[in-house]
Every structure is written in C-alpha cells, then in structure tokens.
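In order of appearance the chains are A, B and C, and numbering begins at 1 in each one.
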Amino acid sequence: MFKAKIKSETLREVVDVISALVDEAKFNIKGDGISLRAVDPAHVAMLDLVLQKKGFEEYKAKECELGVDIDKLKEVLKLAGPSDIFSIEHDEDKNRLILDVGNITRKMALVDTAGMSDPKVPNLNLPAKLTVETNELKRGLRAAEAVSDHVALIASSESFEMVSEGDTDSVNLKLPKALLKDLDCKENQKSLFSLDYFSTMIKATGSANEVTLYLGTDYPINLEFDIASGNGHVKYLLAPRIESE
Amino acid sequence: MFKAKIKSETLREVVDVISALVDEAKFNIKGDGISLRAVDPAHVAMLDLVLQKKGFEEYKAKECELGVDIDKLKEVLKLAGPSDIFSIEHDEDKNRLILDVGNITRKMALVDTAGMSDPKVPNLNLPAKLTVETNELKRGLRAAEAVSDHVALIASSESFEMVSEGDTDSVNLKLPKALLKDLDCKENQKSLFSLDYFSTMIKATGSANEVTLYLGTDYPINLEFDIASGNGHVKYLLAPRIESE
Amino acid sequence: MFKAKIKSETLREVVDVISALVDEAKFNIKGDGISLRAVDPAHVAMLDLVLQKKGFEEYKAKECELGVDIDKLKEVLKLAGPSDIFSIEHDEDKNRLILDVGNITRKMALVDTAGMSDPKVPNLNLPAKLTVETNELKRGLRAAEAVSDHVALIASSESFEMVSEGDTDSVNLKLPKALLKDLDCKENQKSLFSLDYFSTMIKATGSANEVTLYLGTDYPINLEFDIASGNGHVKYLLAPRIESE
C-alpha cells in the first residue's frame, strides 16, 4: 500500500537524481519513507537515495516495491509548476500508479521489478573529505569538457583541484581551503574519473548548493548531498579510471 | 481594392488560426471586413474565420479575393513587435500585396485562387455546449500526448472530461461544472478525435482565454472563440474518429 | 612578451568580430595595443581590427605574434559573466596562452602563424559615407533573408536604401536622411553584395549601436564601428557581387 502527496519540485529532485544513472528503477516503500538503489548499465556508477516520510506533504504506506519508468515521471513533471502538489497512489489490482495534478489524472503502468537487484553499497574508507559549492564544480566541468573526456580530482591539506589534460590544452580548477566549506585531508589524494559521468552527477544535484566529496587515491569517489530541504539524502559512487602511462 | 492597417498582434492571431489547417488560403474581402473558409488537405477539419472592419486600425475595401501564402505572412510577422502596425495594400496591376512595417516594405506575390473552393459549413445540431479555459485544455493535451494519439471528449450535465487511453497508460482531465464557464448538456455526449488535430486547434486559440465547444455523440466537434478583442470570430469543425472495437 | 587583463565583454566583442570571417587568426601584439588583419577563406571579405592598450584593464607587452584558435576563445568566454575579468599570459617556453577566469585556469596551445599572411588593406576612395543604426539594418536583413541571397545597398543625397529582389517577392528598407546619423553623398551610389556576408558582419557589430558605411558603385563596401567603449575600432571590407543581367 502506498498513497502520498509530494511537491512537484521535490519529485523533480528525485527524478533528476535517478535519471542521471538509469531509465527504470525500483522504489522500496516502507512506513517511514522510500529508498532506492541503482547501478548504471555500464556498472561504473551507483546511486543510494533516501527520502523520508517528512519529505512528503502526506504519506501513508506499507512495505512494497514499485518498478517505475523514470521517463514517464519526467513527462508528468512537465505538467506541473514548482509549487503544484502531486497525489500518488498505488493501484494494486492493476499494478499501476495513479498520479493526480491539478485536474489531470495520469494512470501509469508499473515495470516488473523481478530483474532489478538491490545492489550492495560497498563500505569504502576514503581518507579525504571536503565540501564544495556546486556552482564552482559546474563551471569547472564546463571548462573541462572542451579539452578532455576525463578529470583528475586532487585533494591536499591546502586545496581541492580538478584537472583535465587534453592533447594540447588543459583546464585546472583550484579551490584553496578558504573557498571550501570543509576540508579534511591529511595526505594528498588523487583519482581519475570519466568526465561524462562526474559531470552528469554534478548536474543532478539540482538545487543543492553544495556537495560533499569523499576521495582516495585510485579509488572510487563518494559524492553526497541533501534533497527535499534536508528530508532526503543522495549518495553517488563512481569508479575511478586507471591512468594509462 | 484593399488597403488597410492592422496591429501586428491581430495579424498574428489570424495567421495562427489559419496555419493550423492550411499553408495557402483565400481571403474574401468585402466592404465591412474579411472572411475566410478553408479545409485541411486531409479533409478532416474546417475553418470559418471572420474579421470585421473594426478589427483593423484603418480599412478601405471593395469586394475582391486574395490568395495568400500563409508562411510568407509568418516571415513578415517576425519583423514586428506586438504593438507595431502593418500597412497592407493590394497592388492590382502586379497582383501582389505590399506590406509596410517600420521602415521596411515587403512585396509579396499572391497565389492563384482558381483552385481554391469555398467550402460550405455544414449545419450541425450539436446537443451539448460548454465553455472552458484554454489553459486547462492545453495542459490536458500535453499530458495526453504522452500516452495516445486520440482523445475522447465527454460532456455530461455535471462535467466535461477529456480521456486518452494508450496501451498501458491513460490520461484523464476532468472539469466539474464549477470549473466551467458554461455547461448546457442534458444527455451524456461522447466523441473521439485525433489528438494531433484537436491539439493544433487549441494551440491556435492564441490569446483567447476560453473556447466554446459544441459536442455530440460520434459527431464532429464545433470549437469557437473570439479574436481581435471580439472584433473577429473563429469556428473550427473537426470530424470524429470512429472507435474501433 | 604579453601579459594582460581584459573584461570578458570586451574579449567577446573582439572574438565575435573575428569569428565572422575566420576560425584562426594572428594577433599582432605591440607595446601600445593589439591589431589583427584577416581575409576570409573565399577571399571575399577582409577585417582590420585594432584594440588599444586602454581597452584592457592591465596591459604589458613587447612586440610578438600570437596565432589563436578563435573557437577555443569562444569556449572560454562561455565560462564568464560579462563583468568577469580574464587574465591572459603568453607562456613563451611552451608557446601557449594561459587564461585565468574565476578559479579556472585554461592553458591553450597556440597556432602556427607561419602560413598566416598580413593582408594589405586597399586604399579605396568611396564617394558616399553614412552612419546608420545597427538595429534598423538587422531588421531589414532579417526581412531580406526571406526573399533573396543578395542585397543592393543604395545611397543618395536624400536616403539610404537596402533592396533585395527575389523571383516573386522583394524587400526594401528605406531610411530617409532624418533617420540617419550622418549622410554625405553627392551622387547616387549602388553596389550589390552577398546577403550572407553582409548579414554576418552586421550581426558581429554586437553592442555597437551604429555603424558607418562607405559606399561606391559596383565597388567594395567599407563598414566601420567602434568596440571596447571607443578603445577599439573595426573595419570590414566586402567585395561586391556583379549584377547579372
């Protein structure tokens, strides 16, 4: 059983975060909120999303799983302004979602969840932690896309750096400690990532003004931020690319 | 003879209404205003447009017919802001229109009207009549386009409904009597239409805030609205689609 | 040696002017400012650009030549708001430019200038001179593009006209003396130009509100305007098209 009301802007945050990695996803519904884990088709990135009951306007649920076509949710979001409220209900007989916004009702077939696994989030012990403004990252990534398809993320006790090296040109974003909200890094750390994946994740932060990065050396990055005014939390993991010499 | 001045926003309303159905059209010019009838190439929809002399800033005309390439009028409209005034004159010697806006003069060859018939508007006795906000219809149609290519319009004594059924999903816009400007329907009426045609007509209503629908069962719909601040009137007819069982 | 700071909006003016004709260009750097001459690949149009030291926020240079990929400068400009300042420095050891904006550093390989000639600007004695608002020209060119691919520019002692004749339609922009900032023309002059080239040049005037045209009969046009709040100057030359009878 699942019956809830949610602000369209909150639903949009959730949809943006998921659609960065997958087209279909399994929502795990519980009495205290929803959660979702997904791995992208190339098995390079993982998502762990939680949205608490408090992130909804109304919420009534018993444990169940809902397989959702994320593109259909995107369509429905186009019908609503940011302050509109969606009513969502699971029609168990016909295994579909019934969404109401304004005077419109959209009935949406659910996707079979049989083939969708629940990936385990690995327990990484990443030595560096820092919090950075998403706008700085977005601008740096826009610059990097012009010269390369990968990006090195580098943390030291004094700064965070993002470096992209192309054949002839390079881009460097350097944020000294004073421009970071938080920097906890004893030894230098450096890992290389796909620019495309990292950029897609940063764009999916939506209205989040800052993102916390957990970084090691030649290790996956863990990227976390809040959604739904702090009533939801997103964790992305992205595997490193190995530098070819 | 035809010589007139018209606000660019009024000309835009006229052009939008016509271009929903045809690329070329014959304007019937008379002393008291202009009128135009057209049938779309597939013979599914018909337009009956009237713009009175009062809808122009200046107007001087004797009876004549002008065959106009509507795409060329669209081009010319791009040169003007909403409050700019077009001067339009028929150059009979060279059978062309001379349009002036700002410091620009555009001379436009007319189209031969020999092959353009004057379709007769059928006299339909449609039992239901209702007036609805175009914004509600536009939102409902945007939702419907995601699931189907046809739409059922349903009137009862209590409400107006627009229903689109796809293979797995459906969209329903339901407007109770209280949300309608006007509802006159004794028995339930329901007809099915091409979503594409109906949507194109509703988009062509432009600045009209409301549209009046005349509806029967498995019958054409008649859709009417004003243009030019009430100095013009548009009537669209759209043939029904027959529901396959 | 070249080390300078420049407002992003000034750099954008320079880049827009150059990219109208070429993708790569040679900047001639001197102690009192920079200059650049270029001919488009089809040898139809020429550019002569000057930006004085005063057009920069800071400027320190010894004579040198820098071959620049203009598309790369466009990319970098996308990272900056209009009031952002770029720091630009020539790294002579690696023959590249180092551009800083915000916290981003972009290192950009320079292009070999060996094959880039310094075209000589011909000394034309054009009998008509007039100054016209760029907005009028832009609107007229938008109208002309709908009917033709060439445009006749005509000056008389009373007016400036821009005429485009298509197979069936024509467009005419007529600006009487009262609408021109300046008109010095004793005998009528008329030359025909490629609409595409002329339009591209007028669009490249950017924030310049007016442009001065020097015109003859079947002669190239000389088109001049200021950039960088008067601290820079642009001269375009465009060869005429010969009217086929």
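Methods note: a residue touches a chain if its C-beta (ideal position, glycine included) is under 8 Å from a C-beta of that chain, and two chains touch if they have at least 3 such contacts.
From a predicted model like this one, the values you see are computed outputs, not experimental measurements.
In a homomeric contact, the two copies may use the same or different surfaces; for chain A and chain B, under half of the interface residue numbers are shared, pointing to different surfaces. Superposing the C-alpha atoms of chain A onto those of chain C requires a rotation of 120 degrees, given to the nearest 5. The distance from the centre of chain A to the centre of chain B, each centre being the mean of the chain's C-alpha atoms, comes to 45 Å.
Across the assembly, chain A contributes no residue in contact with two or more other chains. By the touch criterion stated above, chain C contacts chain B in their complex at residues 136, 139-140, 142-143, 146-147, 168-175, 179. Within the complex formed with chain C, the chain B residues making contact are 72, 75-76, 78-79, 96, 102-109.
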